[in-house]
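Working notes, structure below.
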Amino acid sequence: MKLLEYKSQELFYDYNIPSNKGLVIDSLEDLEDTLQDDEPVRGNDITAKIENYPVVVKAQVQTGGRGKAGGIQFAENAEEVKEISRNLLGSEIKGLEIKKLLVVDMIDVKKEWYLSVTLDRKSKTPLLIFSTEGGVDIEETAHQTPEKIAKIPINPMMGIKDYMIRYLVNYFNIDPKYLKPLYEIVKNLYTLFKEYDCLLTEINPLVIDGEGNLLAVDGKIDIDDNSLFRHDDILKFRDELTEDAKVIEAREYDFLYIPIRDEGNIGVISNGSGMIMSSIDLITKKGMEVSCALDLGGGATAERVKEAIKIVLENEDVELLLINIFGGITRCDEIARGLEMAADAVGDKKVIIRVEGTNKEAGLEIIHNMKDTVISVDSILEGVDALYEHFSG
Amino acid sequence: MSILVDENTRLIVQGITGREGKFHAEQMLEYGANVVAGVTPGKGGQEVLGVPVYDTVAEAVEKHDANATVLFVPPRFTKEGAFEAMDAGLKLVITIAEGVPVHDMLEVYHHSKKYGATVIGPNSFGVISPGKSKAGFMAHRIFSPGKVAVLSRSATNCYETVFMMSNRGIGQSTAIGIGGDMVPGSPFVEMLPLLEEDPETEAIVLIGEIGGSDEEIAAEYIKENVSKAVVALIAGKNAPKDTSMGHAGAIVAPDGTGSAENKEKVLKEAGAYIAESTEGIVDILEEIL
Amino acid sequence: MKLLEYKSQELFYDYNIPSNKGLVIDSLEDLEDTLQDDEPVRGNDITAKIENYPVVVKAQVQTGGRGKAGGIQFAENAEEVKEISRNLLGSEIKGLEIKKLLVVDMIDVKKEWYLSVTLDRKSKTPLLIFSTEGGVDIEETAHQTPEKIAKIPINPMMGIKDYMIRYLVNYFNIDPKYLKPLYEIVKNLYTLFKEYDCLLTEINPLVIDGEGNLLAVDGKIDIDDNSLFRHDDILKFRDELTEDAKVIEAREYDFLYIPIRDEGNIGVISNGSGMIMSSIDLITKKGMEVSCALDLGGGATAERVKEAIKIVLENEDVELLLINIFGGITRCDEIARGLEMAADAVGDKKVIIRVEGTNKEAGLEIIHNMKDTVISVDSILEGVDALYEHFSG
Amino acid sequence: MSILVDENTRLIVQGITGREGKFHAEQMLEYGANVVAGVTPGKGGQEVLGVPVYDTVAEAVEKHDANATVLFVPPRFTKEGAFEAMDAGLKLVITIAEGVPVHDMLEVYHHSKKYGATVIGPNSFGVISPGKSKAGFMAHRIFSPGKVAVLSRSATNCYETVFMMSNRGIGQSTAIGIGGDMVPGSPFVEMLPLLEEDPETEAIVLIGEIGGSDEEIAAEYIKENVSKAVVALIAGKNAPKDTSMGHAGAIVAPDGTGSAENKEKVLKEAGAYIAESTEGIVDILEEIL
C-alpha cells in the first residue's frame, strides 16, 4: 500500500526525520476554519499552521509528474491558498481525484539529495540507496550516470552502522558536518522501514535548506499489504487512497481486480494469479487487448462467482468475457452456476468459458444448457481462438 | 529416492487440527504420504485421522523421528512456525500460506540459510514426487510419475502444464511450488543443483513470472552448471508496470526490473527453451525427450 | 560481577518478573526508623515495607550455604527482626562480612522450580535451563538425575519463543495454566540477560505460592565485568560486594589480585594470566602452596611494580615471593627498579626473580646488586626449584 | 604460503592513528608485513608511517585490495570494527583488545560464521608466520621460521614456549593467539583443519587453559581428523574454582566444567602429547620431531 505524501511525512515526523511542516486540507470548509482560527486541521498529532507566506499547495495523489500537471502551486497569501484549493480539490490528475491537499512552508533549497531504503529482491536484503543528485527521477539518474548513485545492502541482523554513512560522505565529497545528521536520518528511515514492514521508504528530495538543515521535502512509503494486519493505523487510511472503485468493490468480496489497459475490451476471470497472467499474455499475443482481470482465488462459491462476473461486466469497456478455470479447490459446477446466476449482467455479451478439474462434467452440463452466447471451450488456446472470432477491436 | 520429498519422508503437518490442515492431511495420507505426526499448540494428546497431535514440533520430531514439515498455519504465524520447525532440527520446511509479510520471510530466509535448512514457499502448493509422496495442497490426481521436474512460482500454471504433460504421457519426477511471493524460501537457483544431481530427473520445467530477479539468477546458474534440458515459461509479459498481478511477487518495478523480456532473454542465452504458453512447454518437451 | 540477592531481585522487579517484596537493611539505625515509620529504607525505586509477620531475614553475602550457616532466619515480629539484625549485621559467613540484610515476606511455598539463562561457552549461545526440582543445588540434580533438567540453547537472533515453553510444560507435565506466566518470566529473564550483558541470570527457587502465583524467591545475576562501562547503575554497586580488600586495592592500580589458597605461603607476581597459571601449576606440583597471585598486565612501570610487590607482601601469609616476567611491552629494568623501590616491604623475605625479554641485561644488573635474599634465576623451572629450597611448608 | 597470514597478506590496521595502533603498525612494517592502509574514522586523508589512512574500511579495501585487518581499537569498539571489516568483504579479522564484552563477541562470532569470515581473538596477540608477516602485537624477535604451529589462549605461555623453541632450534610455521576470552572468534577446532592441510606445518602445539570446552571440542576433532603430532599444555590446574584467573575465559565453573583434568584426559585420549610445563612442550617436540 503506497501512502500519500502527507502520510509519509507524518511517519517521518514520528521517526524523528526532519520534514517540512505542513497542514492537510480535505475540504474548503475546513480550510476556511483553519485560516480563520490559525489552527491546524490535521487529523493527527503534528501541529502545524501557516506562519509564513509564500507556501506550497500540493495535491495528494499517487502519481508521478504532479508538478507538470499543475498539482503543485505556490500561494502568496491566504486568498491564494483558498483560490488554489478551490481549483484543485475534487479535480483530477491523470484520472485520480484530488481529495486532499498538503500546504507546506516554502523551503529555501540549497541542495537536493536522494535517499531511500528499499527491499532488494535480488539479495533478499534491505538496500540503502543514496545520491547527491536528488529531486529528479532516480531511475533516470541510475540509467544515465550510475556512478552518481550509491547502493549499500543492509544486513538485516546488523542494521545501519555509522561507517556506511562515513563511506557515503567520502564517496560524494559531502561536507563532514552532515555526517551525523545524515546518519541519524538514515538510521531512523531504516527503523521506519523495518517497523512498518515497508517495501520502500524514500525521501526525494532530501533538501539542505538555507540554514544548513537537512529536510525531507517529499516522501514515498510503500507498505507490504500482507503486513497490514499489524498496522491498524495504516489500514484505516486505505480507503482515502485514490483507487479504482472496482478494486475496492472486488476487495470486499476478497477478489483481486486488476485494471489492465484503457483500450482493452476483454475481461478475464480466472482462479489464480498465474492463469490470469498466462491468459492475458495469450490474448495480447493474438493482437487483442484486455481491459481488466479478476482473480477469484481458490474455492469460490456460485454466489461469489456471480458477483465477480457482475463486477467485470459492469465495466462498460468489457465486450467479451473469458472465464478460465483450472479447478482444484475451485469446483467447476459452482463456476457454472455462478454464471447462470449472473445472466442479467451478462445480457447479450459473449462469454468464452473453459473449465477443467474438479466437477468438470457437472459444470459442463450446466454450461451446455445456456444460451449460445456462452461458448464452452476445452483449453485456454481454444478459448483465445474463440475470443479472436468474436473480437471487434 | 526423489529430491526433497519421497517415500522416506517422515512428514509433520503443523496446523493439522485446522480445517485446511486436516483436509489436506487426509489428502496427503490418501496419496500415501507418510504423515507421522501433527502439531497444534494446545491440542497435544489428540489424534486426527489416526495421526497423533503434539503441542510442539520438538516433541513430534523426538517421538517420530520426523524429517520434514508442511505448515498449514495462517500467514501471520508462518514465521513462528518455520522457526519452531528449524529449531527442532528439521531441514525441510514447506510453507503454504498466502499473505506472509515479506519482512517475516526475510527473517525466515536468512535463518534457514544459516541453519542449512530448505524452506519451500510460502504462497506455494508444496512439493510432490508423483507416485511417492506429497507435502502440500496440490491437486495430485493430475500428476503422474516420470522424469521431468517442474519448478513453478504459480500453482495454476503448474497445474495446467502438468495436466497436459500427464495427458500426453510425460510424467514428473518432482514438482516444487517455488511460491508467488517476493522472497521465496528457496528460489529456483537453489533447486537446480538438486535436480541436476537427481538421477530420476531428465529435464527441468521452469515456470517463472514477472517480478524480481530469480529467473535471471537461475539463468546464470543454468548456463554454467546445468547439463539437463530446461524449458522455461515466463508469465506476465503483458501485465502493466508497477501493478501487482495477484502474487505479491509478480510485479514489474517502475524501472523495469523484473520484466518478462529480460528473463526470457537471459534464459534463452543460458540455453533454455522458451515456451510461449503452458501448452507450448509440453510441445517442447515432446520434441526434446 | 555477581550481584547480591537483593540487587538481583530489584532487577527482576524492573523486568516484570514477579519476586517477593522485600526491604533492605544496612544499619540498625535505619532499621529502627523503618520499623517506626512503617516506611521502607531501600535505596531504590521499589517500595516495600513489612506488612505481615512472620518474615524472613536473609544475610546478603555472596556464598552458597547461607541457610546452614545461620544467614537465613525467621522473625515473628519487629522485636525479632531487630534481634536477628543485631546478630547478623557486621558478623561473617565463610569469612564474608554481612553488610546488608534483606527482609522479605514469608512465602507459602507449594512448589519450587529452577530457571536460569546462562552463557553456554560450548555452543556459544545463551542456554535456558529449567527444572521442576528447584530450591536445591542444581549441579547436584544435574549430576544425579540429568533427565530432571531441560537445557534449551537459544539462538541469539531468535530469542525466546513460546514453543520452547510449551515443550517444557509438556516435558515436565506442568499444569498448562502456568504456560503463559512461565513464558512471560522466561522471556523477561532473557531480556534482562541480554540487556545487562549477563553471564548468568538464575531464579532458584522459582516458587508456586499458595495462590498459584509464580514468584522469584531467590536470584543470582552475574554480569560480564567487561561490559560494566555500559552499566553505570551496576558499577556503583561493586564496592558493596564483600570482596577481599586486596582485590579492591589492586584494582585501583589496574592489577588483578587473586587469592589462591588459605594455607599457601607463596606469593606470585607475573605479567600475564597464562604465566600466573603456569607458575601456580608448577609450584603446586612440587608440593608447595600459593597464597595469592598478582597479574601486572603489560608495561608496568617501576613505580607500579613497587606497589604490586607491597600489595602481595603485605599479605602476612606470604613468606616467599616469586616474580616471573617474560617481557615484551613490560621492561625487565622497570621490574628490577620496582623491586629495589619496594625494599622496605620486602624486608628479609626471600624473593625469587626471573626476568626474560626486553631490557633483560639492564634488569639483571640491578638485581645482581641487591642483597642476597633476592635470588635471580633464568627460567621458571629454576625459579620453582629455588622456591623449593627455601620452602618451609 | 602459510595459513592466515603470510607475504601475500595485504593488511589494514584499524585504529592506526592511536598510540598502540601506530606503535604496532611500525613493528609490523619493520617485520616486513605488507600494511597497505590504516583506518581511523575522521582521520581519512592523513598518512601514518607512510601508510595512507581512510575513514572507512570499505575505502581502504577498494583502494588497496586489502585482504585482512588487525584491529587496534578499544574493546568497546571492537564489535563495530569487526562488523565494518566483514561488511567491507574482509575474510580475516584479527582482534587484539582485552575486555571486549562477551555479548558483543557472541554477535561477532555468529556473524562471522554466516559471512564465512575468520575472526581471531580478541584478547589475543594476533597471528605471526615467522619470517613472512605478522598481524598483532607479539614480540616477534623470539619467533623463528620453522615447521611447528602454535595455537595459544595465553600470550605469555606462548612466548615462553616459542622462546625456548627458538633457542633450541625449533622454528614455527605460524603462531595464532586464540585469545583468553570466553568466546574466541576462532576456537582451536577451527584452526586445526587449516594446520592439518598446511604443508609447512609438521606438528601442532596447543596451549590451552582452564575454562570452557574448546580444548575438549578440539580433542574430538584431533581424534578423527588430525594426523600430525599434537603437543598440548593446559594451564591453570591449580587455580581455585569459580575464580577468574585474569583471562575472562580462564575460569572453572562451580560444577567443574572447564577443569584442566578433563581437558588433559580427552586430549590424551585423542592421541595428543600432554606437557606439564612450557619447557615440557619443547622437550616433547625435540623428542618427536
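Order of writing sets the chain letters: A, B, C and D. Residues in each chain are counted from 1.
Here is the rule we use: a contact is a pair of C-beta atoms (placed from the backbone, for glycine too) under 8 Å apart; a residue touches a chain by one contact, two chains touch by 3 or more.
The structure presented is a predicted model; accordingly, all values stated were derived computationally and were not measured.
Novice: Starting from the Cα centroid of chain C, hunt down the chain whose centroid lies farthest away.
Specialist: With centres defined by C-alpha atoms, farthest from chain C sits A.
Novice: Return the chain pair with more inter-chain C-beta contacts, choosing between A-B and A-D.
Specialist: A-B
Novice: Can you give the whole-Å distance between the Cα centres of chain A and chain C?
Specialist: It comes to 60 Å between the two C-alpha centres.
Novice: Can you work out the whole-Å distance between the CA centroids of chain A and chain B?
Specialist: Computed value for the inter-centroid distance: 29 Å.
Novice: Distance from the CA centroid of chain B to that of chain C, rounded to the nearest Å?
Specialist: So the centroids are 54 Å from each other.
Novice: Which parts of chain B, given as residue numbers and ranges, touch two or more other chains?
Specialist: none
Novice: For chain C, jot down the residues that touch at least 2 other chains.
Specialist: Only 157 qualify.
Novice: With touch defined as at the start, can you tell me which chain D residues reach chain A in the complex?
Specialist: 41-42, 44, 54-59, 80, 83-84, 87, 111
Novice: If you look only at chain C, which of its residues touch chain D in the complex?
Specialist: 119, 121-122, 124-125, 139, 142-143, 156-157, 194, 197, 199, 224-227, 229-230, 256, 258-261, 270-278, 280-285, 290, 295, 326, 328-329, 356-358, 379-381
Novice: For the complex, which residues does chain B have touching chain A?
Specialist: So the residues of chain B in touch with chain A come to 75-76, 99-104, 106-107, 109-110, 137-139, 142, 152-160, 163, 180, 182-183, 207, 209-214, 217, 235-240, 243-250, 254-255, 258, 276-279.
Novice: Flag every residue of chain A that touches chain D in the complex, lowest number first.
Specialist: 155, 157-158, 161-164, 166-167, 169-170, 176
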